[in-house]
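Just below sit the structures, each encoded as structure tokens.
One chain, subunit A, links the two complexes that follow: it is found with subunit B in the first and with subunit C in the second.
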Partner chain A sequence: MTEPTSEILLFQVGARVFAAVVHDAVRIGAVRDVSEDDLVLESALGAPFGRERGIVVASHEGATERTLVVDQVVGVRSVPEADVQPLPAFAAACLVSGAVTGLVMLDEAPLLLVDLPTLVRERSLAAPELTA
Partner chain B sequence: MRDPSELDKPKKKPARAARPARKAGVPAGDALQVEAFLRAFAAGEHGAARLDVASFADPMLRGIAEAANAAADHAVEQLDTSRQRVQVVTAGVDEAIEAMIRLVIQGDLSGTMRLGVSDAALTPLIAGIGQVMETLKRFVTEIREAALQLSTSSAEVLAAATQNESSTSAQASAIHETTATMEELKGASHQIAENAQMVAAIAEQTLTGAKQGEGAIKSFMSSMEKVRHNAVEVDDAIAKLSKRVERIGTVVEVIDEIADRSDLLALNAALEGAKAGEAGRGFSIVAAEMRRLAENVLESTKEIKNLITEIREATHAAKEASDGNKRMAAEGEQLGGNAMTSVSGILSGIQETSDAARVIHLATQQQRTATEQVVQSMSEIEEVTRQAQTGSKQATGAASELTKLAERLAELVKRFKVE
Partner chain C sequence: MADPKPTDATGADAWYFCLRLLGARYAFEAPLVTEVVRLGPLTRLPAAPAFLPGVFTHRGEVLPVLDIGLLVGHGAVPIRASTRAAIVHCGPWKVAVVTEGVEGLVSIPRRAIEPPPAESSGVAEFLSGVGRDRAGTVAVLDLPRLVETARARAVPAGGPAA
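The block that comes next holds the complex of A and B.
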């Protein structure tokens, strides 16, 4: 009997590698093919070094799509569900962003599991404040 | 002058032997008496007793005796008269001689001679002495004037001789210095001639070297032209290489773009496979393999890009080097041309210098010969001048002596008073 697994999308922003559930990503695209207004250049994960790859994320309602600019899409990995752990409550309380939902143990190293729609939404909400 | 006493002495004639009376009848004693008387008178016995006329018997003899007595008396009288005149004339002559001697001794020619005696016989003598005095006076006057002129002239001659001696000495000194200078000039001319010969030889060597340098510059310019030609060919080759590299870069960019899109497609395929769950696992595996291939292509294109970049840099460096070579070759050609122009000028100058050096050498040889001749002539002139200097000294001495003699003569002539 095989152990249940979770399909995780690995991407890199800056020097760090993050993990996301594959269903949060609509597709992987090239940044140059997307208009500037639909790009999310900076988020709670930080600012990428380059502008090569973008992860197209749909809103929770599925009405709009935004492209999260990342430095690299590392790939898709299948990890045991046991290696996917929710974020402890005290840790979630310490974080400002609600996009970080858990931890993924990959090659004995913990990676932050990010909720991409929440991350894009937080950025969309914060954008007017930043602008102001 | 004959002694007047001699006048009293008639010339003695050998007494003839008493001749016998020529006629008979004439008393022989009377005739003999007359004859003896006449013979004694003729022998100078003028004071002898006269004939005793009364004692003559013969009238003819008596007359003869009277005539003889008268003739004797007259002769004695005439003789006395003559003796007195002789004494007068002798005294006058003595007085005249004494006066002349006195005048000569005293040198006083201004007066006229006056004699204490007067006799017609002395007139010619006095007149002659007067003429002698006048002549002597004229001579003295002329001699005095001549002595004065001689003194003046001798003084002038002395001054001139002294000046001449001084000038001759100065001339001799100057000629000596000139001779010494000409000797130095002779040595200098010799040195100059040798130096000119050396300069001519060096100029000839320099001319040969400059011609060799001209040939070397021509070779250098030919090499520079070849270098420039090669640099142009290298430049063309680099340009072609650069274009091909650019073409390769374009192709690599296309490949890179394709690989990137392949990678993107593989990613999306893997994503979709993962979303599909177990059903999409095989699809995900293929997608992962595609992605690995795309990443390999990207890695390869990245290496190719790096290589192209290196080739571009190398090509650019080669282009710059080639441009540098062309520029340096052009500069080399220009410098070679300048050097050629300079060397041509130098060659012309050296040729002129060589010609001039030869001319100078010839001229200095002639100058040396001329200088030697001048030195020889100066030596001869110096010898002549030395002789002239000696002659001038002698002339000065002679002029000095002449001046003294003129002064002495003037002093002597001054003794004669003519006015």
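The block that comes next holds the complex of A and C.
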């Protein structure tokens, strides 16, 4: 019997590699043609070293798209669902960001699982305060 | 870990779990502790408060690590390969309290536990009493209050970002 699996997108922001559910990414591409207003340069994950690549993310409602700037898209991996763990309740309650939702064990190394729509939405909500 | 004797409300001995922290002996109600483990490699969380240095996996479960030293404004408890943590249940929260060393269960007569000092800063804020056993003085922590305060201080108003 085949074990249920999840398709995980691996991407790098700064020095760290993160994981996200593949279907949260609409597409991946260069950011040079993307409007500045649609870019998410800095997020709860930190800031990328450069601004070459981006992951286009749709809002939960699918109404808007924003591009999370990343340093590298490492690839897509299929992992057993048993290797995807939710963030412990206490940790989740202590984080200001709700975008980190769990951990993915990949080659016995834990990677943070990120909810991309939540990540870019939080940035959108924070943006007016930053520019005020 | 074997269940300790239940605490006794009549004034007889009560069981506490004793550990070394901030260079002193601290204890909390023994039934809160489920296990003592060697701390595995930590995965740091972005935008986490300092007292939450990360999470680690233990028998397939992801556990958050609580550094009481940083919560109360002291330095961080050093984390080495030999560092041990006490896994505790406080209400809805399950956390691994990082320690400088673990003594284990100690029995202290309830009548020997005195009220905590009036000081309300640092770790004194979370003391429920001060007792003595054969090894000396031990400060008794109100661990559920400490853990709940940590959570509240991490996200003071409105909860995590929507």
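One rule holds in what follows: the second predicted complex is superposed on the first by the 132 of 132 C-alpha atoms of A that agree within 3 Å, B and C clash if a C-alpha of one lies under 4 Å from a C-alpha of the other, contacts with A are read in each partner's own complex, and residues count from 1 in each chain.
Heads up, the rule we're going with is that a contact is a pair of C-beta atoms (placed from the backbone, for glycine too) under 8 Å apart; a residue touches a chain by one contact, two chains touch by 3 or more.
Bear in mind that the values here come from a model prediction, so they are computed numbers and not experimental data.
Colleague: Overlay done on subunit A, so just call it for subunit B and subunit C: clash or fit.
Modeller: On the shared subunit A, the partners fit.
Colleague: Touching A:Val57, do we find subunit B (first), subunit C (second), both, or neither?
Modeller: Neither subunit B nor subunit C is touched by A:Val57.
Colleague: If we overlay the two complexes on their shared chain A, which of subunit B and subunit C does A:Ser78 touch? Say first, second, both or neither.
Modeller: first
Colleague: In the combined three-chain arrangement, what's the angle at subunit A toward subunit B and subunit C (CA centres, steps of 10°)?
Modeller: If I round to tens, I get 100 degrees.
Colleague: After the superposition on A, what does A:Leu112 contact: first (subunit B), second (subunit C), both or neither?
Modeller: Only subunit C; A:Leu112 stays clear of subunit B.
Colleague: In the superposed arrangement, which partner chain does A:Ala25 touch: subunit B (first), subunit C (second), both, or neither?
Modeller: Touch status of A:Ala25: first partner only.
Colleague: Is A:Val104 touching anything from subunit B or subunit C once the two structures are fitted on A? First, second, both or neither.
Modeller: neither
Colleague: Does subunit A have more residues touched by subunit B or by subunit C?
Modeller: C
Colleague: Per the contact definition in the header, classify A:Glu7: touching subunit B only (first), subunit C only (second), both, or neither.
Modeller: The first partner, subunit B, only.
Colleague: After superposition on the shared chain, which partner residues are touched by A:Glu122: those of subunit B (first), subunit C (second), both, or neither?
Modeller: Second partner only.
Colleague: After overlaying the two complexes, what is the shortest C-alpha distance between subunit B and subunit C, in Å?
Modeller: 25
Colleague: Residues of subunit B touching subunit A in their complex?
Modeller: Interface residues on the subunit B side: 260-261, 264, 267-268, 270-271, 273-275, 277, 284, 288, 291.
Colleague: For the complex, give me every residue of subunit A touching subunit C.
Modeller: 44-46, 85-100, 102-103, 105, 110, 112, 121-122, 125-126
Colleague: Of all residues in subunit C, which touch subunit A in the complex?
Modeller: That would be residues 43, 45-49, 52, 55, 57, 60-64, 66, 92-95, 147, 150-151, 154-155, 159-162 of subunit C.
Colleague: Under the stated contact criterion, what part of subunit A meets subunit B in this complex?
Modeller: Touch residues, subunit A against subunit B: 7, 9, 22-23, 25, 27-30, 53, 73, 75-76, 78.
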